[in-house]
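You will see subunit A twice below: alongside subunit B first, and alongside subunit C after that.
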Partner chain A sequence: MDNQFFFDIGWIVLPLLLGFVFGQWNEKRHFASILRREEELRTMMAFSSRHIPKGIEASDPHLVIGSAVISVDYFKSFLAALRGIFGGAMSSYETLLERSRREAILRMKQKARELGADVVFNVRLETCPVFASGGNNTTRSIEVMAYGTAIKAPTFRG
Partner chain B sequence: MIKYANPKPPEGINSGRYRPGREFFVLGASLAVIVGLVLAAVFQFGEWVAPHIPFAWEKRLEGPFVENFQNDKAANASIESTLQQLADGLSAEMDLAEDVQITLHYVDDEKVNALATIGGNIFMYRGLLERLQSEEGLAMVLAHEIAHVKHRDVLAALGSGVLVSLASSFVLGDAGGVGDLLGHETLLAMLHFSRAKEKRADLDALRAVVRIYGHGGGATDLFKVFKTLEREAGGERKTDLFTSHPLTPNRLKDLHGVAKTQGWPMDGPRRALPKNLNPL
Partner chain C sequence: MFVSNVEIIPGKHIAKHLGLVHGSTVQAKHIGSDFMASIKNIFGGELKGYTELLETSRTEAMERMLKEATALGANAVVNVRFSTSSIAAGAAEILVYGSAVVLEDGAGG
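Right, the complex of A and B next:
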């Protein structure tokens, strides 16, 4: 009984601990990488307006897509379950979604740069949950896809 | 002409200054405390309400609990009637409610055990009987189980157990690991309440045994059996946190403490077990 008890608790606490340590480490690294690459791609502007403003000389429109799938760690989903009981801001998922959104936009901008474009218009974001499997203890992932129309436009050339 | 720019927005608008470890401890500890209080309330409620439930109602639920034990009534008739006589003598000294009836059963099994279940049914195992050296020791066992019946401990435990599992499946149905951890907390709380009930049953049993035999030697005999058993099983436990009963040395110590304040002797002349109970 004693040993079984600690064994059972261990099976819950161990992934929690791993999730916390590696999840936080990953998140820190990811944010650092996002900040660095955002700086690199700052000259590639992106706008959500549907139409290219009048009077802008534009050519070579291309659809550019960037997508990122990021998984929740066990610690975050545990925390989310706690939040699910008490209510309130689900901060553990907020950082996750922010990382995914910014990563997706970065990948979209990268694509635009590779195409030699100067700016992306009509940028849209789509989010969709990806389930590893059914059940209660599923580790959930989310996909964020950013897409837009990349064009060549000397006005925006940085 | 509009000037186009993508200025760098400040960090931390969407998810700034987030400290997940802190959130984890605040939420986790709050939940553990709340659940602990709810559990205590439910168990206390069960404890409080069980004695007010008519015994006849409890009796109606006994069927499946009694059928659990295979029992050859014809072969054990003589043993069961001797046990019943002993139990009746003890019940008379234990201030049972008028409608409460005790029914003794004998289980021909080597397991060293005795237990009380719903409807005042007490099961005495051959294994334990074989180990007991004295009538006083047997009386201590029976009186302990009668005390559980008297306080309606089984009914209270059953009732609050059902309530707790219903509540947890509604509230924490899909909380995953959180639910698992709370399940363990529930288990610890149940064991805590169980130990309190065992302690009370020990005390009631000692009082009854002293009234009939004039001394508490039966308790000494009984716990000697437990000590031997624990030694055979490979060592004594260090904590009772994970057991339904308090540690054997502590049970004995508690009884000795009470005996001292009440002026009850814990030793005295022993009677042999009634002949038909002595399998040797």
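Right, the complex of A and C next:
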């Protein structure tokens, strides 16, 4: 075994290791932050129903948007590539999508709160992969946006 | 101008329908944020540069839609939908569309 061999192996293993350590740490921290903010925004409800129910007092509708672009780490994309061979649920991507989605919804709710609204109706979610230009190494990240109509409605005031 | 993604606004009714209005932008990312993105691809985490970029282009697309609606004489755009697609590596198209209407106070109609 010469040094060249270890050098070559190192270039493959190092990003995997970095991805594993920092990716896990990052995800854990993000989920903790999501849970904390979800608790804070518990009273701000969001509904996916298309119509604002008749008979409730509602005023001041505003379109609110929240979005997040989140990248997968190297270790996860490696796992996903393996999954691509054997098939099955890509749990490494599932958590990525879940936290992006929850983040987007949280940001939307935060905007609604800043506007002084009480509830968000007709929430829609949109997901789109984002790729970087140049090189053969495509960026694996996704954008999730959540949008809806925030209204002031005393009925839903928490 | 009033923008919403519900069809019926409480306390108001649609006096006139003016048809579909839309606005779109095709946005490319610049080298700097691409470089950051490739680093983030190893460590994972949010790409703040991209989030902001897409937000800006979404605002831009919305402004274009509103301009079209204003030209038609509308005072509101209802039933707004967003759509994003990666049309090529490094570029994304953002489309916003909705129905331009004239809203008047009072229920029914």
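Here, the second predicted complex is superposed on the first by the 151 of 158 C-alpha atoms of A that agree within 3 Å, B and C clash if a C-alpha of one lies under 4 Å from a C-alpha of the other, contacts with A are read in each partner's own complex, and residues count from 1 in each chain.
Rule of thumb we're sticking to: a contact is a pair of C-beta atoms (placed from the backbone, for glycine too) under 8 Å apart; a residue touches a chain by one contact, two chains touch by 3 or more.
Predicted model, so just to flag it, every value in this text is computed and none were measured.
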Scan A:Val130 for contacts with subunit B and subunit C and give back first, second, both or neither. second
Output check: A:Gln110 vs subunit B and subunit C. Expected answer is one of first, second, both, neither. What do you get? neither
Which touches a greater number of subunit A residues, subunit B or subunit C? C
Is A:Glu98 touching anything from subunit B or subunit C once the two structures are fitted on A? First, second, both or neither. first
With the two structures laid over each other on chain A, which partner does A:Ile9 touch: subunit B (first), subunit C (second), both, or neither? first
Touching partner for A:Gly148 - first (subunit B), second (subunit C), both, neither: second
Should A:Lys76 be classified as contacting the first partner (subunit B), the second (subunit C), both, or neither? both
On subunit A, positions contacted by subunit B and by subunit C: 15, 74, 76-77, 137
Contact footprint of subunit A on subunit B as seen in their complex: 1-2, 4-6, 8, 11, 14-15, 18, 20-21, 23-24, 27-28, 30-31, 171-172, 174-181, 184, 187, 237, 239, 241-243
Residue set of subunit A touching subunit C in the complex reads 15, 18-19, 22-23, 26-27, 30, 50-52, 56-59, 61-63, 65, 67-74, 76-77, 103, 121-122, 124, 126, 128-135, 137-141, 143, 145, 147-149, 151
For subunit A, which residues count as touching subunit B in their complex? 1-2, 5, 8-9, 12, 15-16, 20, 24, 35, 38, 42, 45-47, 53, 55, 74-79, 81-86, 91-92, 94-95, 98, 119, 136-137, 155-156
Touching residues on subunit C, where the partner in the complex is subunit A: 2-11, 28-29, 31, 34, 37-38, 40-47, 50-51, 54-55, 58, 80-86, 88-92
